[in-house]
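Below is one structure; the comments refer to it alone.
Chains here go by letter, A, B, C, D and E, matching the order in which they are written, and residues are numbered from 1 within each.
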Amino acid sequence: MESVTSIKPLLAILTSIIVVVPILLSRKHPNVREGWSFLAGFVKLAIVGSMVPLVLKGTVIEYTMIEVVAGVALKFRVDAMGLLFALVSSTLWIVTTGYSIGYMRGLKEHSQTRYYCFFALALSGTIGVAFAANLFTLYLFYEILSLATFPLVTHHQDAEARASGRKYLTFILGSSIGLVLPAMLIIYNITGTLEFSNSGILSAGMSKGLMSVLFFMFIFGFAKAAVMPFHPWLPAAMVAPTPVSSLLHAVAVVKVGVFSIFRVVTGIFGIDNLRMFELGTALCWVAAFTILAGSLVALSQDSLKRRLAFSTIGQLSYIVLGAALLSKQGMTGGMLHILMHAFGKITLFFCAGAIFVATGHKYLSQMVGIGRRMPVTMTAFFIGSLSVIGFPPTGGFLSKWYLLLGTLEADQPLMMFILLSSTLLNAAYFLPIAYKAFFCSDEEAQFEQKIDEAPIWCVAPLVFTATVSVGLFFFPQPFLDLAKLAVQGFTGG
Amino acid sequence: MIWQFDLIILILVAITAIASINAKDLMSAAIIFGTFSFLMCLLWAEMGAVDVGFTEAAVGAGVSTIFFIAAVFRTTRRTKD
Amino acid sequence: MSNLQAPILLVTIPLLAAFFAALGGMLHRKISFPIALIAIILSFHQSIIVLLKVVNDGVINYRIGGWMPPFGIEYVVDHLNAMVLVVITFVSLISIIYSKLIVERELPDKIPQFYTLYLLLTTGLLGITITGDAFNLYVLLEISALATYALLALGKDRALISTFNYLILGTIGASLYLLGVGHLYIATGSLNMADLFRILPSLSGNSAVMVGFILIIVGVWIKMAFFPAHGWLPNAYTYAPSSSICLIAPLMTKVSVYIMIRIMFSVFSAEFTFANIAWQTAVVWCSVIAIIGGSLQALAQRDFRKMLTFLVVAEVGYMVGGVWLANEIGISGAILHILNDALMTLCLFLVAGILIFKTQRHQLMDFRGMFRKMPVTMGAFIIGALSMIGVPPTCGFFSKWYLIQGAIEAGRWEFMAALIFSSLVNAVLFFRIIEIGHFQHETDSHDHAEEKISEAPAIMLIPLVVVAIALVVIGLYTNDIVTNVIQHAVPVL
Amino acid sequence: MEFLLAKYNYWFYILIMMVGFYAMISKNNLVKKMIGVSIFQAAIILFYVSIGAKRGATIPIIEHGHDAVHHIDPTAYINPLPHVLMLTAIVVSVSTLGVALALISKIYAKYGTIEEDEINEQLTDV
Amino acid sequence: MKLIGLIVVIATGLLLLWGVTDFPDWADPQSPASTHLSPHFLTESIEETAVPNVVTSVLGDYRGFDTMLETTVVFAAGIAVYTLLRRSRRKDLREKPEMIEEELPHQALIVKTICRLMAPFMQLYALYVIAHGHHSPGGGFQGGVILGASFILLAIGFDLKMVLKRMREKTTLVLGILGVLIFSGIGMVCVLLEKNFLDYSALSAILPATDIIMARSHGILGVEIGVALAVMANLVLIYVNLSSDGKYERGL
């Protein structure tokens, strides 16, 4: 695979770090400040987008900043999988910035400058993880992301935010320092490198015990992926303002977790090794448990955001499962699910936020008949639900389809069964919401017939993401190409 | 260098050291410490270290002891051990 | 003989300046600060010259009085102490600028004496580092010790009694060192380190040499507050005036570690030092206890400075343990940690000093709302804290990296576990403070609601910011530092 | 007996040093501790001076001063190096003593006692 | 605590005893200490420095740097004590009752007379010790200490105030600093003359009619004077502060 050196990946990361300065300087002028955020968003998307043609040709873009430890450099490498993830995050950053304006101003939140600054930093962390060429760089940006999101999660600065912030950090930092760091160091000690390679860097001669311990140190260490039992931070973090929850906890943070797992599975351990030691199957079971348990818990939640959070936990493990299947189709599905779930779930979160801005309600029991008041929002919600459930014609169907194919390819019919039954569960916890929003008797309805949507800055983004969710079903290119390209690299053919 | 002489002084040095740290009055402890230093300097001079003995006579037996006395005067003579 | 005078100048300039500062101070008390400042700048400059010279041309020998080494006293600058010299002069430079205002407030009638003692302490530390003569080291040890006692005793509260305890233990430490040197002298007849290194291998098995080694090492351990001789440090440092603690806390323990390394590898040989496995294991276990105990004690503190002092104890465990891992990576890590920890500790104590300067208090609770009032200070604090925790790309991460690599290499899992554990505890410690600073607004409490606290003056902020930036820059250039400097300082094992 | 006699100086230095050492760490009175420190240091000096001793030799001042063009027999003079070192050590010990006594004096002014346990009691009361 | 202390002490003692077993016999002319470095000093001292008292030549020249630093130690101690104890008069409001006064026979005539008689002799002797250090036991330290002791004796015999009249606070401080400055200044002069630090042979370039060897000898004398000044002044400084509790009013 040929590679070219280009500073573009670094620029893409730096855009959102540099923009912090003008944001801080223009803190007295909200419009200018948000202008800067938008500008940076578009610049970033342009930079990321400009790399697509090259990568689609099978080229890898590399950039080495500095060698920090012998054999370990601060290095970026843009391949198909990283680019796919970066595209999703930078697109959604722009959308979310727009949404933030509506939400934050609509609720007259405090410390908005701080909010935008850390938001930008968090995005840098995300793109950094996407473009990391080795485990060290990945770890670095993973930690930056953890730290940058702390002020966002605890934005309200009240007792609840503090408790959640503690939980958040305990899980995220604790697992990364306590598990990922030692595992990384041990791997460095064994191999002398941390560079991701398509066939893995660990040799097959390792003992099974050590390999399994390391493997699960990574899986659980990347607690952002919320694999049970390292999931409780995710529902707790829902105290954050909704745009934060939507971008970070449906897209950036959690996807960084699963993305990291994907990277480690393919780039460090290597598919062949994992197959040989049957670690993929073990991971399948962990993922399957999380899928079912997450979905079941979601059923019982009354708070809309919490229900979405548990749904996310389940959905994340789909992606983990995709990686764990170690089959071509499964991995394609997993990768696509990063994208599809992102658009679907962000729509749902946007809707939850819009409802909160417009009505101040958080609980499902208070939302009966809300479709009468906010038809646009609830329609988008319905589309988002379909996508997450995996119902055509939404993007979610495609990724689930590939996942199912993957289970067959990997000869794991039980997993297919679990996937299907969880789909039913998904439907069970989402559809009633949409149903009750529109179809309820007049006595039940808690809202009047008058249409009263959230501000336009809130509604436009969610309409956009819902549209994209549908659009992705019909035009999955170039994402499907990227995913296939990436998988081709890992499986070597 | 006569070893018998040497030995006697050594024994005396040891005795004064123990006495000095066991004295019940800080002033007498300081004075005994002066004796200890003086014996020490005798010992060293006898071993051929005249310069060291000389210095110790001035510093150890003289100045150090006076420092101790000054400090004891400024504080208290009482001690529990 | 070529006349590179830099090695002697960098020691004698502060020494002479100490005398002039005392003289000048009698004329006018404001004269001593510029004298001291200029001297330290010159000394810093000379240390840089020496470092560059060593990196380019190798070891420098400087014969004082022009006498041949075993007969006269010799200065030897190799890669190890060239680095330590730069660290000392840098820390000294930073904290002298920083402490100008504090001295004027804390010790208004003792300004010249303060600077005299400050310069003497710097001289002592530099001399200890640069000298190649075992007895000369003792004299310098006493100079720095006497200056330290005086500086520490100027503090408030329990400063006197804790300084007295320190004096007793410090004297025991220094005396044991002297006694150990006596043992070496009786066995070899030499005092020059290089000469000793040449003679000692022929005396293996000699009990006098063994006892000499034990005495010296134990003496140095007492000086550096290594478990179980650590009891004096927390109190002595907690109650010290914040003007001098910024010099003492970062350097005293580090210089003692340097002495230990020098004795172990440049006087004795690595084979001698590591001949006894049981002894080596015992030391590593002691450092494990030091790390874990220090961290836990730090966790129990309510006073910010006291917490830092326990961390100093834990960090000493890092370095001693790293050296006694008895492999090259571990020793590199320990040496790297001398540099990194000096800066990290400096950064945190600078923050503590600013806090005290502005609020007169130093409890953890006094960080309430500090992010709003002192954003720059708290920004630097966060970098220092992250470095203590070991988050990349701050330098604390990389020394931990090497130390853990060394632990893996040596198969000392307990040491690795202790390092990870202390990282986790540090994370808890510092995030507790960040949380207090982030959440608790001064407006919550009514008693000092009206108190106006703003950012510290520039003369204190700039040194702090410089140190904070240095923490990141040094982290990124770890590989260069290791390959150009530290690699040459590590004995071949 | 031969063995004991050959090194009796060293046995005594250890004895004296341990007396000082014991006083340093176990005595309660701060002045007593300092006496212990001084004894400890004096014992070290004794040790060094004993290293320098040489049977059948005289003090290290070269006879006939500047006229000594003749060959100088090193075995005729005592080793001067330990003496030099110990001059330094003596001065160091008196310096340390001065600083320590200054501290004691301040401690007394503050707490009204120089017994360690009584000071600690006062500290815990606060 | 005492028990722990005892155990530590006994353990250390046993360790040291074990170390002694491999020592060369006491006063053995063949011990390494007597055969490695010292013969060089003994045989070369006259030739290289023209100082018959080898202790002085080693102290002042071969290991002159140690001596300089040790002078610095005294200086550091002096400054430390001064910093800790000296009180400025303004702050000195709360007086402690003087309890010592009646115990001390300040007015003892015999003591006074003897002190007055002895002090000049002591000072004279001290000067001799300093100057004659090249040829007989003695030198800067011993001389300095004796000089200092003479003042201390006066302070004990008479009153602190009397000493302070003769040696004011500022004078003491300046002398203390001057002493170390002389020493390190000579060292720096050597550097300026493009030799190594404390290489007194460089002084032959500025001292009239001295060859390299004599320059060393003179250099040693110069630094001895510095040492004497520093030791004297700083010991007096420490004593004055200790005995008057930093108030400079009344001694013992």
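By our rule, contacts are C-beta pairs under 8 Å (C-beta built on N, C-alpha and C of every residue); 3 or more make two chains touch, one makes a residue touch a chain.
These numbers come from a predicted model, not from an experiment.
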Give me the fewest steps it takes to get from chain A to chain B if each step has to go to a chain it touches. 3
Under the touch definition above, the chains in contact with both chain A and chain D are C
Contact-graph distance - origin chain A, target chain C: 1
By C-alpha centroid distance to the whole-protein centroid, which chain wins? C
If you tally contacting C-beta pairs, which pair wins, D-E or B-E? D-E
Comparing centres built from CA atoms, which chain ends up most distant from chain A? B
So the centre of each chain is just the mean of its C-alpha atoms; given that, what is the distance between chain B and chain D in Å? 10
Rounded Å distance, chain A centre to chain E centre (Cα mean): 74
If you average the CA atoms of chain C and of chain D, how many Å lie between those two points? 29
Rounded Å distance between chain C and chain E, as computed from the means of their C-alpha atoms: 30
Where in chain E do residues touch two or more other chains at once? 16, 20, 23, 27, 31, 33-34, 37-38, 41, 53, 55, 63, 66, 70, 73, 76-77, 80, 84, 137, 141, 235, 238, 242, 245
Residues of chain A whose C-beta touches two or more other chains: none
Chain C residues touching 2+ other chains are 135, 139, 142, 146, 149-150, 153, 185-186, 191
Listing every touching pair of chains gives A-C, B-D, B-E, C-D, C-E, D-E
Residue ranges of chain C in contact with chain A within the complex: 386, 389-393, 398, 401-402, 404-405, 408-409, 416, 420, 423-424, 427, 431, 435, 438-439, 441, 475-479, 482-483
Interface residues, chain E side, partner chain B - complex: 27, 53, 55-56, 100, 137-139, 141-142, 145-146, 148-149, 152, 156, 235, 238-239, 242-243, 245, 252
Quick one: which bits of chain B touch chain D in the complex? Just the residue numbers, please. 1, 3, 6-7, 10-11, 13-14, 17-18, 20-21, 26, 29-30, 33, 36-37, 40, 43-44, 47-52, 55-56, 59-60, 63-64, 67-68, 70-72, 74-76, 79-81
Can you check the complex and tell me which residues of chain A touch chain C? 66-70, 74, 136, 139-140, 143, 147, 151, 154, 157, 161-162, 165-166, 169, 173-174, 177-178, 181-182, 185-186, 188-189
Touching chain D in the complex, chain E uses residues 1-2, 5-6, 8-10, 12-13, 16-17, 20, 23, 25-29, 31, 33-34, 37-39, 41-43, 45-46, 50, 52-55, 58-59, 63, 66-67, 70-71, 73-74, 76-78, 80-81, 84-85, 96, 135-137, 141, 231, 235, 238, 241-242, 245
